[in-house]
């Protein structure tokens, strides 16, 4: 079977670097190009005949990049944050117009996605819950974005506790309490590699979705 | 709305005693009778006009009890273990014949049911997993029934570790490992009360199912 | 060897009831009496020739009980809270005067004592720490007394997170973070039995201490 | 105050590289030299007037390196494994003869040292325990060396469970069970940095110890 032709935009960034390594390790994927700030993305897509472009860049350039990708008739896997609802609406139109697909995902860690999905289901049966998120001491914001998103998906006001200590990376625990029992769902990340299985899955599946999809959980 | 009329068979046992307490605490349920070994279950159902009979008795009497309940035109919630496939087939016929329903469940702890369900789903995305089950030191068998059932549902040979220590009650942890991340699903039970929300849910739902259902997860 | 003659004061209370069960299970201890509100404790000590009196009663009667015990020439194991520094000073005098000993302990769970002791030592080497204490949802105060005492022993301002959920009993976790590593010390209690090994140890050792000792950690 | 003059032997190895980074970050330490296979360690010590030499090399060269260090009148911090009791005896003599000190430690992670120390103490009070050690799936040996050493220090036959999964690094949990309670001591490592605070502490303290010391726990 022909390999999927992949171009990585934002190739010099931390996530881009990891993505390049991950694509090279998969036998059904072929890395056909790497671009970063200053490169002509549209032209590079044309030259390399890329089928899927993965974008991990800056919020400020996210929409312009997506336009270049979709107009170039390539499918897009977007990890860059900062797209507004209005942006997403435009992207949807571009997908239809160019007959290509786009997957936008703020979090590619499959374990985190499962944690959120299971938490949203568990709360229906065990309605009392609290979230403990634990991160390295240099993380400035609290609570974490993942904790806030988890609570939103649970559709309830769930207390969130934020622990900040050296020696931690990124961890979250959702504890559900019921009569005589507790259920705990915990996700531990130790490095950026944790996002790669999700990115690879997105690359493989983006051709088969219909138009725009927001959130990796939709293609699990 | 009229309350659901509930009779508890095996009322003097540990699970029966808890069930009686639980039924009394719910405003939409009415405890209309309690029976145990030596009592005439069929007659009691008739006298009390019980709509739902909960049975926590012995494996040896399980089938006879179910027959008495279904022939008495009451719905059955069966927590007694030991029913064979052949028994279940007979029960299915009795349900049809008497136009009543029967829910058989080996485990009523909602948290444990969720743990098993989530584990069966997580393994599809994070295919490496191990189970640690931890119980009080007087538990003779290892691995636990719940650990074995979890592994079966996961459809893989999953290593199971059994910890036996005083101070533990009944706990299980399923750890999934992926690139740079782990996902952990843990259930902790501290007493028999943990089964009651599941029993109460079964009482409420058994009227609306169709015939025989095996496993609480089917009605979640 | 002669058994230690033990009298339990507050015999009808929850802790007293557990203590009576625990004393009866130990072959080197003999339960010689049980007293509660309305009984004449001084006279009962005389009649039973009790060597050790365990007191789990009310703060309001704590000092009077200790006086009765020590004046009766029995050693005292006091689990009742509410003794002031002034009270302790008086008790010390009574110990000397009557040539008997007294052990006062606000917490008899050996695991909790060890958790506090280890935490006070670990903070010297890993100076960043946070405490998570988790209790059943009916516990009104937060943070828990044990969490506050742990933080005091650690001699630092340690953030304390309080989780309140049904299905929990009494749990505490102290997390220490260092470069590339974390150390976690956790104590889980499931019932009042957890205090009994500490009470039994106190009964055995109170004869051999000198005068007044405050805190079970001193006799570990 | 004058800085401590430090030379790192095995500078190109993984642990040596981390040690160099760590020494450079401490204001009271000065990195005066780096050596590796092929370099003349004895001469380099002389040239640099190193006061402390840290050695992370191979078991086969460990003894020769220690001899060169101590004969060069420098104190030695040895992380290389493979020294026999006979070797240690020779090293002790060399310390006396040259009036310098030597600290040999198989594990420099302070959290792991504390876990072992606390476990050895906890077992005296809560005599039932099990160890769960969890490592990345590429670790071939099981149980881990740390688990074996922990069990030895606990002086009992403690069951050890070995979990091997991707996404794990190096983790160990010691669970103690008592009546109605459990105490858990857990150490999590995410990278080699975790050893550095222990190495730095050893560099600072090796001047003040007397002769040979084996094990970081002795200088905590």
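General observations
By letter and in written order, the chains are A, B, C and D; residue numbering begins at 1 in each of them.
To be clear about the criterion, a contact is a pair of C-beta atoms (placed from the backbone, for glycine too) under 8 Å apart; a residue touches a chain by one contact, two chains touch by 3 or more.
Keep in mind it's a predicted model, so treat the numbers as computed, not measured.
Comparing chain pairs A-C and C-D by the number of C-beta pairs in contact, the larger count belongs to C-D. Of all chains, the one whose Cα centroid sits at the greatest distance from that of subunit A is C. One simple way to say how far apart two chains are is to compare their mean CA positions; for subunit C and subunit D this gives 38 Å.
Note on chain placement: the centre of subunit A and the centre of subunit C lie 51 Å apart, centres being C-alpha means. Annotation for subunit C: residues touching 2 or more other chains are 111, 167, 176, 178-182, 188, 190, 194. Residue ranges on subunit B touching subunit C, taken from their complex, read 111, 167, 169, 188, 190, 194.
Residues of subunit A touching subunit C in their complex: 128-130, 132, 134, 137, 159, 161, 163-168, 175-182. Across the interface of their complex, subunit B is touched by residues 109-112, 114-115, 118, 121-122, 125-126, 176, 178-197, 220 of subunit A.
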